[in-house]
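Structures for review follow.
What follows is a pair of complexes built around subunit A, which joins subunit B in one and subunit C in the other.
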Partner chain A sequence: MELLLIPLAFTLISLFVPKQTLKYLALTGAAASLVAGIIHLVSYCSCTNFVTIFNPGIATMFGLTLKMGYDGMALVMILLTNAIIPLIVLSNFDKEIGSNRKFVAMVFLMQFALLGVFTALDGLLFYVFWEITLIPVFLIALWFGAAERKKALMKFFIYTFVGSLGMLAALMTIKVYSASFAYEDLVAAQFSAKTAYWIMGGFFLAFAIKIPLFPFHTWQPETYTISPMGGTMLLSALMLKMAFFGMIRWMIPLAPEALDGWLCIGITMALIGIVYAAIMAIKQEDIKRIFALASISHVGLIAAGVLLWNKDSLSAVFLQMINHSLVAVGLFLAAGILEDRTNTRNLYELGGVAKLAPKFGFWFAVIGFASVSVPFSSGFIGEFLLLKELYSYQWIIGLVAGTTLVFGAVYTLRAYQLSMFGAPKLTEFRDLSWNEWAVFFIIGILVLALGLFPQYIFNLVGPSIDHLMETVNSSQIILN
Partner chain B sequence: MEALIVIFATGLISMFIALAKKPVLVLSVAVVGILTAISSLVYQMNYPYTWLKYEGLEFSGFANLYGLVALSFGLMIILVGYAKFKEEVEHTGEYISLLLFSLSGALCMLAFTDLFMFFIGLEILSIPIYVMAGSKKKDLRSTEASLKYFFTGAFATGVLLFGVAWLYGAVGTFKLDEIAAAVQDPSTHSPLLYVGVLMILASFLFKIGAAPFHFWSPDVYEGSPNVVTSFMAAIVKLAAFAAFIKLFTLAFGSIRDFWVPILVGLSILTMFVGNLTALRQITFKRLIAYSSITHVGYALMAVIDKNTLFSPMNLWVYLLAYGFSIIALIIVSLILDDEEDLLVSYKGFARRNPFAGFVMIIALLSLAGVPPLSGFFGKYLIFSSVITEQPVLVIIALVNSGIAIYYYLKLIRISLEPVEEGAPALKVNPLHLLVLGICTLGILAGGIVTWL
Partner chain C sequence: MTIETIILTILALPLAGALINGVFGKMLPKSIVGSLATLVMFGAFALAVTGFFHLHEAKTVHLYSFLNFEDFKLNFSLQIDALSIWMTLIITGVGSLIHLFSMGYMHDDKGYYKFFTYLNMFVFAMLILVLGSNYFMLFFGWEGVGICSYLLIGFHYSDEQKGLLNSVAARKAFIMNRVGDLGLLIGLFLLLAQFGTLEYSELADKILVQKINPSTWMMFGITLCLFIGAMGKSAQIPLFTWLPDAMAGPTPVSALIHAATMVTAGIFLVVRSNFLFELAPMTQDIMLYVGLATSLVSAFIAMRQNDIKKVLAYSTVSQLGFIFVSLGMGGYVAAMFHVTTHAFFKALLFLGSGSVIHAMHHEQDIRQMGGLRKYIPITHITFLIGTLAIAGFPFLSGFFSKDEILAHALHHNPVIYALLAFSALLTAIYMFRLYFVVFFGSFRGTEEQRHHLHESPLNMTLPLIVLAVLSVIGGALNIPALFGEKIAHWMGHFLEHTTAGLANVEAIHLPDSQTMMLMITASVVTLAALVISYIFYVKKSSIPVSDSQQSGLAKLSANKLYFDEIYNVLFVKPTEWLSRFAYNFVEITLLNRIVYGFASLVGKSGEIVRKWQSGVVSSYILWMVFGIVGLIVYYFIYQLK
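Moving on, here comes the complex of A and B:
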């Protein structure tokens, strides 16, 4: 329970402490959560299915049970959240925004809501936390975003809110067949194949918008571009991971018999997104937009991996989620540094920065290479496994999805080359400050470590995936 | 029953005290009276007296539950109104006593078991409001609102009485339980009955402002003084819906097949009319008025629910959440105190007064149905109760929630924008602050009722 209470407490504390100490408080709070997460990791044993962290033990008249707990998969997400939040705080540490009361409070509120999403074992509770995450991100972008934010923000909020309503409809439908909103009850609920199809459709709408998958992606580049750096990091590194987690924990186990019906649609959407966004990214001039579109391309591959629904693909999905979060924080930090110091995001107005700021040039290259999944980076293992699974599902799909590697190298290296090499168009460029260096360093180490020892993540999520598969299969057998 | 007597007596007493031109005295009498009535209702909930079943009135669990909300909202509105009336008009005491009379009519409507008592309650509820709507005597819009409300109200009452007469022709009684027994017998299913039910239905739709009988409500909401608007939105709707549910589920439950399809269609129509018109509004109170038409559409779904009388919590939670939000928003409008009340004049509201701005934002989010605010739970309870019977209706309602988020969000965004140069910080009257605080608690903690 302290996992959730720490961020909530720091949300409230940050409203009252004096302004000078705010950034230290933010760092303390983020570190405290991380320590709490690591303690949970050390004491975790894959022998139990769910480690309960909160269970009032009663179901209300409306079926709300408020159960919370985690398994190996949720634990990975908890740790990811608690590791990314310090990085976000650290990257904004010496900025004006990092000492802003509203920003700090909203980051902690976001962390609270995210941890709630990952630990909720009650359908309605999951939905409630899912919706709460919208508020801090919306407010951060509204308060600190770029001047042209109004329209993009409305689009973002309405898009995601409408998606969530699909999930609400699915939850209300499934509750008809279930005794309460408790996870076990929802998984055990039995209904006709047609109902299952629409239940999964409702969930799929919510998750496809949040990820975002191809036809629903139009909110994403604009929102990423207008958000301040911290907001973009929250959005790309953490918020969209909720959707993958939601698919694995809720969407497919609740209505597994409908997966066949949606698999083809989902994979097609993911595939179009992978290729389309990558081609779009090649032609962009705005560096933040390139990374936003790159994100669509990368998450498309992860979404396809989730839909394939076997142990290898799911393990790879978790590794790739971690990798994507780390790389996203790194890339948007680099974009933020460039924008902050030159007041432009246009690649053609940048150039030769590597000469002026060699440290930045080096670390940007490291993150760039991690993004194109060179061997020994965590992205390599994750993408390789995902592509392998896609290939064995349908070789042509694997082949098309594989183009992401080529396109990824093109747009990332193009962005790097145009901004960092060539004749300097700027006279001065302040090199990395210590906190930015620290963020890059931590990301670099983690990417390398996970690239060399991915087994650690696989061992953590493996037993939980096994258990999940068993539950889903047994519920399907009962039906047949 | 004591509650009704106490409220009516308080109204009478305060009317005479008002002659002394001491508004504070009237306010204290009114507050003491309402608190006494509330405590008697709470007491009754625990110890139901059998002898309280009078001819035509029955204070059962249902009436007590809704009465509690009506009285609490009444108290909040009187507190708000006192602060407002005092600076505007000289007849503060009289207005408070009018509000009290209206409140006693609402209680009558909640507890009726006889169509006579229902009609009397409805009139006691409405007539003071006709007067109050026109209380800004020199403002043409207020006069127009009063006249419009009076004409439509009188027309609705006429239709209601005509419908009751047809119904009497079909079943030969005014008592709810006897009507219910008679309607179960198919031999009474004559055109007389159906026309009567239709007319009664139409008059209800007039009162709650559902499409296609909604035309009066935006004009009346806009023109009336803010306090009266909040009374109409929170209490009149509550009483009308409670009576609606009671009459239709209890008395006409056996001819559901006849009126449910009509209500389903009108509910959908109401949602779309309210929402699509609200998208284009440029003044605050009209926006609120049209959004409340949409909310009437959602609430109609609770009437459609077969079990609604046995689980009255659904609509209760919904109307509670709705009332808190509406009262909070009306106070926001009072704080800004802008004659035109344009949306753009709310620019930077949250910065000019952070607390009121915060309440405004959560009130709007609650109306939009964002969890974990109470509006979400109200909506969830209503939607999930009808999803087995009317899945399409629920989907349409969800689509409408999606449309509605646009204008709520627009208002939130406007209120968070930077303040224009030279706009002063806004002062809030302490009484308004108190009521805003109560609303905040109600909106934030509304989810707790789902634990009951």
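Moving on, here comes the complex of A and C:
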């Protein structure tokens, strides 16, 4: 339970701490959560299915049970959250925003809500935490975003609201067939194939918008672009991972019989997104938008991996989620550094930065290469596995998705080249400060470690995936 | 030392060099940085030689598994056999000489430590590529050398005039290679789906021993995908235009990566997969014709290039095409033989051109040179030897290795033999043209350049001399049976100790009279080329004219057959157009309009709803609360029922 209480406590504390010490407090809080997460990792044993962290033991009104717990998959997400939050705090450490009370409080609130999403074992609770995550990212963008934020946020709001409605409707429908909102009751619920189809549809709408999948993605580039760096990091590195996790934990297990019906649509959407976003990214001039579009392309592949729903693809999904989070933080930090010091995000106004700031040039290159999934980076194996699974599903789909290998190299190298290479267009460019360097360094180490030893993650999630598959299969057998 | 330790140390040495130089290089003096990088290479080479003598049987060294799924594994493991040791010898041997040369060549460069870090890193990746025991390791190294190549082509990225151009060339190389990589990747997926493993030894066992024989189409698909990968790395039509552009990199890089080692990775891939290709005659034919076309086209282009490195680059492409012809005919040993001798003389020629460029103060246009033989005698003699070797001058290394491929061609199909011989003739002509224009006649550069002309220091000339010796005697590795059964085909016999296959591939045996005839024809062709070039460029002392004055075939050659322009129209422009169309039309005009249309529809549907969509935070939170309250109310009613 301390997993959730620490960030919640720091949300409150940060409202009352003097401004000068705020950033140190933020770092302490983030580190405390990380330590708590690691303690859970060390003591984790895959022998039990769910490790319960909260269970009031009483069935409250209308079936709300408030059960919370984690398995291997949730543990990976918890650790990911608790590792990314310190990186976000550290990225903003020497900035004005890093000492802003509202910002720090919202970051912790986000962490609290995310951990709630990942540990909720009660449908309604999951929904509530899911909705709470919107508050911090929305407010951060509203308070600290770029000038043109109003219109983009409006779009963001409409989209997510529609998605939430879909999920709410699905939850309400399934409750009709279930004794309570407890996870095991919801999984065991029996209903007709048609009902299942619409239940999955409701969830799918919410998740497809959050990921986002084509054609529900148009909020994403704008919201990413107008949000301040910290907000973009929260959105891309953490918030969208809730959707993948939601698919794996909730959407498919609750209505597995509907997967066949949605598979084709889902994969098509993912596939279009992969290629379409990559192609759009090729000629963009705004470096942050390039990375936002790159993100759509990358997450499309992950979404396809979830929908394929077998052990290998799900294992790869978890590895790739971690990779995407790490790379997203790195890329948006790089974009943030460029924008911060030059006051422009336009590639054609940048150039030659590598010569002025060699450390930045080096680390930006490392992250850039990690984002095109070169060997020794965690993306290499994740992408290899996901493409392989897609390929064995339908060879032509694997081939089309594989073009991201080429397009990814095109837009990433172009962005890097135009901003960093050539003769310098600026007279000076401050090289990395220690905290920025630390963020890049940590990301680099993690990317390398996971690139060489991905099996560690697979061992962690493997038993839980097995268990999940078993549960889903047995519930389907009863039905048949 | 056991062979396992030897191989692991060989791998560890360049990695250590790269790490030390990468982290501390900035603080260390240049002499230490350069010596360290060079010493690890010589150390690795010495170990490779030891390993060569310790090699008794093919072995797999398993280190750990990247991943260990129920249905398949991806191992980090090494294959020690004749083929991998042979490649290791070439990489470390030629590599260490090029490192030594670079110490002199790069001496005044600001990025000295970075250069050696990248170079060591490249060697490490290349060794992973050839030493890995499965296709995944190969792919690992394959992408790794691609990155190093990218970094080294664009090494001078901040140059005032050429900086951006250099990085464009680097990007082109990386992206074109990625197209090939996609093919390779799909080949791996097919292999995994078909055989459930990527280990060479297991695959060979399944195919050669257990005789699992998948459909011809499946084998065609697999091998074609592998060959597409090879096309990218080894610069074959249509994926070859990156290699000439890659000459933007410093000259030692061109010698090591873009002539001697990396570009032969595709050939290594095919030789390694010989047991797959033997089951796919259609792919072999495709390989043969692609190789032949590449060889002729690039030899033709090389005829009228005036940049000393561009001539050599096209010559490399042409020679690689030559080797692919051999692979297409099942001549794996002949291919490896030519890879080896080509590594010697092409590295020599590139380093020689580097020495010339160094002397000329970074001038690469041969029209500015001339008469250099008086100023840089060692470079001149060694360059001459390299030229003679590549032209196939009797009894030099290129003579034997080319002849073996030509013998295969004659055995296979006389037309192909004739075309290959023609390609060899073109090679000899443009190489002698290059040699005469650079080293004969009178000096045509500026007074300042003349003043600067000097022979390179010992650490640059020594590698030239060693490589020149190798270019002369390299042919002895695999001489035809004509010269005595005992010493003949030494390399062929050695490579039979390769895991999977090579021993099963039948060698061709031409009668001695035919071998004689082949040799005499080849010698006549080379000498004819020598005489033609001599008359044209020395006696008449004609100097290549500027590109705009060219006409007819010469103009086509000078403009590289307009390949870049055609690709630009066919691929680059449409992609860019598509990108703009996707963003400006589909995204902005279409999708966004639908979203806003939907929003206004909702807005019009009710006064209350419109207020809630104002984008005001409080209203947003209200919405959320509304949702939850709605849910609660719903269930209250539901419970009451």
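Everything that follows uses one rule, which is that the second predicted complex is superposed on the first by the 480 of 480 C-alpha atoms of A that agree within 3 Å, B and C clash if a C-alpha of one lies under 4 Å from a C-alpha of the other, contacts with A are read in each partner's own complex, and residues count from 1 in each chain.
Basically, a residue touches a chain if its C-beta (ideal position, glycine included) is under 8 Å from a C-beta of that chain, and two chains touch if they have at least 3 such contacts.
Bear in mind the structure is a predicted one, so any value in this text is a computation, not a measurement.
By the document's definition of touching, both partners, subunit B and subunit C, reach A:Lys150.
Contacts of A:Phe384 after superposition on the shared chain: subunit C is touched, whereas subunit B is not. Once the two structures are overlaid, the count of subunit A residues touched is higher for C than for its counterpart among subunit B and subunit C.
Contact with subunit C, but none with subunit B, is seen for A:Leu413 once the two complexes are overlaid on the shared chain.
Once chain A of one complex is fitted onto chain A of the other, the partner contacts of A:Phe50 are absent, as it touches neither subunit B nor subunit C. Of the two partner chains, subunit B and subunit C are each touched by A:Ile158. By the touch criterion stated above, A:Ala169 is placed in contact with subunit B alone, subunit C being left untouched.
Once the two complexes are overlaid on the shared chain, A:Phe360 sits clear of subunit B and of subunit C alike. Legend: residue contacts after superposition of the two complexes on their common chain; A:Thr403 is shown touching subunit C, with no touch to subunit B.
After overlaying the two complexes on the shared chain, residue contacts for A:Tyr276 are found with subunit C alone; subunit B is out of touch.
Overlap of the subunit B and subunit C contact sets on subunit A: residues 61-62, 124, 127-128, 131, 134-135, 139, 142, 150, 153-154, 157-158, 161, 165, 168, 172, 175-176. Residue ranges on subunit A touching subunit B, taken from their complex, read 60-62, 64, 124, 127-128, 131-132, 134-135, 139, 142-143, 150, 153-154, 157-158, 161-162, 165-166, 168-169, 172-173, 175-176.
For subunit C in complex with subunit A, the touching residues are 65-71, 74, 136, 139-141, 143-144, 146-147, 150, 154, 157-160, 163-164, 166-168, 171, 174-175, 178-179, 181-182, 185-186, 188-189, 192-193, 575-576, 578-580, 582-583, 586-587, 591-592, 595-596, 598-599, 602, 613, 615, 617, 620-621, 623-624, 627-628, 630-632, 634-636, 638-639.
Taken together, the subunit A residues at the contact with subunit C in this complex read 61-63, 124, 127-128, 131, 134-135, 138-139, 142, 150, 153-155, 157-159, 161, 164-165, 168, 171-172, 175-176, 215, 218-219, 276, 279-284, 311-312, 315, 351-352, 354-355, 369, 374-376, 380-381, 384-385, 387-388, 391-392, 395, 398-399, 402-403, 405-406, 409-410, 413-414, 417, 420-424, 452-455, 458.
Listed in rising order, the residues of subunit B touching subunit A in the complex are 313, 365, 368, 370-372, 376, 380-381, 383-384, 387-388, 391, 394-395, 398-399, 401-402, 405-406, 409-410, 413, 416, 450-452.
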